[in-house]
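Okay, structure first, notes after.
Here the chain labels run A, B, C and D in written order, and each chain numbers its own residues starting at 1.
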């Protein structure tokens, strides 16, 4: 395991972004998922949507050139792209619920083998932070998750069933973690791609659900950022 | 017709009574009616119910809802966040809420927006797919339409809405710029009295293209232009 | 009855328009009610709203100067006023249902003593024409009706109960007919003002409900068009 | 990304199958997609369900829905009018409807708009006060919220929406002018495929102010510019 190294956040983000198809409307959750927009596929046009009312917004604004009235859902200043459109909050979520978002990439605390995931409330706390996650989870045509494979304490985040209150039942189909790429199927988690230097047994040991390891298991595909 | 332009923020908020329900626009900064909030803080109304995306920012930004909460003016919060997603981010709100000294209703953000929209659209209730199978649907009616489950949600209305807009004419027609828009248009319609603070001076009627009005003036009651030395967007809020 | 003459449509419209208060948002139904906008009270600003998406539109366009994309709910070409705003159909009816229209003036086939009225379906027909009438009837803060006092055959239109399918129950509070002005109260129709030359008995004879005739019955107030 | 601009109306409607459900914008003329309707008439699709404010005009105007109905292409109509308010105004539709040869669902206009809006907003159903106590609420659930009765109404969706807009950019962002807007924005969101005919040429991306987009391009699939010799608004429709 000397040569084994967990995947970087950008590597995970690139791998998720490789799934985006030409013309897709993509919503990126706060934090790690926003890194997906750094991956640019030269032949595919992606339209980034933000639930605070933007369609087709651009990259982060350079410091000193921010428009203080133009932020993404993470509160980061972004720049407009030609052909951008602005909506109010009701219309922004209407389009999410109506299925116009092709993929929502979200962070999570836990993902379960049945596609449930949890990302809004920590155990033992009274409050929670839902934001737009529940709407995106039920509205987007695909829900992909990016997260560390385990908690800081080493506890698995891929589980048979979520322990934390869930964000939506049965919606996640693809998960990128620091150890690989996991497809959620009706049989449970399938390990599609694995971090270089890791063995399936090592990944299974860090996972709280039974992994299906297919014959065509591949090494984690490393997209490169331009 | 009485002018909708007020000379001061103090005058615009003067009649707001204890116990009022107030909607506050704003998402991560843009659209937050910071000058109206500052005036309301000085005015002293308490026991407020506030409806907003968050109960104020987590960081050290310019004034927002957190100032009213910290000052003990708020009795109840309806918001899409009642805790930050990271436990290290804590505000006075979190302490008060966990201690039971402030009430809160946590609502998924799209449901929050749709409930406000329903309140300003005369809709009695609606069914949304959001939250089905989660804690937020507990105790609520769940019903199936065309094979999919939806949860019943009720409209939100308010005594007042406060928002920030970019441009206005004397009829009260408003335009917002970029993501300053967010909750402004729907809150203006859901509240009995709408107060708008404005980036720029009030134009004569006819100077805004009727096709480009974001909030028609019939939804706007009081407008105050933010002076040059007023609170401007730019320093970050939550 | 030699000197008695039924009220003109414009006289009825003027009388209704005299009720409009400064700053009111007014929706005028197709036909007779549109005549209300000819009455201009010099000290009151009225905002005319049309359910096809206009707020604060102006008078009919002069022939040859029409904007072919600017019509009121009756399909008539109108001109914009300074400060006009355009909405889509959902937003236009949202504001109606939410109570932002201070008065809706509608035509009717029948009005009943309990405030019901009927204006969308004739007896014996399969189809009907509702348009925006049902939304206006339940949404507007006040519903006023303008209509001929009787049908072409002389049958009364003010009735104890509507015979035709109703548009909304219990919403009408004021009716101007060719014979007078009627308030709908919890006791039934009160004859407030009467057409010059008519006697209360004559009006009662042409009416299908018991009229309350108050001591302070006045002659029909003649507003004048500018 | 594939261009949304089609060279001809015929090409834009070529794949529309018999039995499709189609929403048509337009109110008393403005917004009516007359050139798309003409192409659809020539294309020949039949057994259509049409959702529109009216089943076409009463008078002798330029082509609109009445042409499809007169040609026997329409199986079912959802509209706010299934008869004119005056019995002297009769169309082929009225005869067909009374003879039972065409189905129709009569919906109050605001409910029609709200059902279309709900269809494009992912709402499962909603309660409206409109129609309570009338024939249109018969057989429907009526329920009380805060002491007022509301009737349950279901969303409307469609395979196609057809509308007319004033200006577009190559991303499909649309602007309407005045009351041309009417049902366009809500129908574009409620249909799987949206076809827009345009008053003017398609601008480059970036030429429309993002704050002034009435229908974002993600809702628009096919655009055709109406040529100078195409059907223009102006002669009256119903």
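Throughout what follows, contacts are C-beta pairs under 8 Å (C-beta built on N, C-alpha and C of every residue); 3 or more make two chains touch, one makes a residue touch a chain.
Remember, predicted model here, so these are calculated numbers, not experimental data.
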Checklist line | Set of chains adjacent to subunit A and to subunit C | finding: B, D
Check: Which pair, B-C or A-B, has more C-beta contacts?
Finding: A-B
Margin query: From the C-alpha centres, identify the chain that is farthest from subunit B.
Written below: C
Item checked: Rounded Å distance between subunit B and subunit C, as computed from the means of their C-alpha atoms -> 37
Check: Distance from the CA centroid of subunit C to that of subunit D, rounded to the nearest Å?
Finding: 29
Next item on the list: Quick one: report the Å distance separating subunit B from subunit D, using the average Cα coordinate of each chain.
Entry: 34
Check: Touching two or more other chains, which residues of subunit B qualify?
Finding: 114, 117, 121-123, 128-129, 176-178, 181, 210-211, 214
Item checked: Contacts with two or more other chains, residues of subunit A listed in rising order -> 80, 86-87, 90, 94, 96-97, 139
Next item on the list: State which pairs of chains touch, listing all of them.
Entry: A-B, A-D, B-C, B-D, C-D
Checklist line | Residue ranges of subunit A touching subunit D (in the complex, touch as defined) | finding: 22-23, 25, 45, 47, 49, 55-56, 80-87, 90, 94-100, 139
Check: So in the complex, which bits of subunit A are touching subunit B?
Finding: 30, 50-54, 67-71, 73-75, 80, 86-90, 92-94, 96-97, 119-122, 125-135, 138-139, 165-169
Item checked: Interfacial residue positions of subunit D with respect to subunit C in the complex -> 27-31, 80-85, 87, 94, 97-98, 104, 106-111, 113-114, 116-117, 128-136, 166, 176-186, 214, 232-234, 236, 238
Next item on the list: Using the touch definition up top, name the residues of subunit B that touch subunit C in the complex.
Entry: 1-2, 117, 119-123, 169-171, 173, 189-190, 204-206, 208, 210-211, 213, 216-219
Note to self: List the residues on subunit D that touch subunit B in their complex, please.
What the structure shows: 114, 118, 121-129, 143, 145-146, 148, 150, 154, 175-178, 181, 210-212, 214
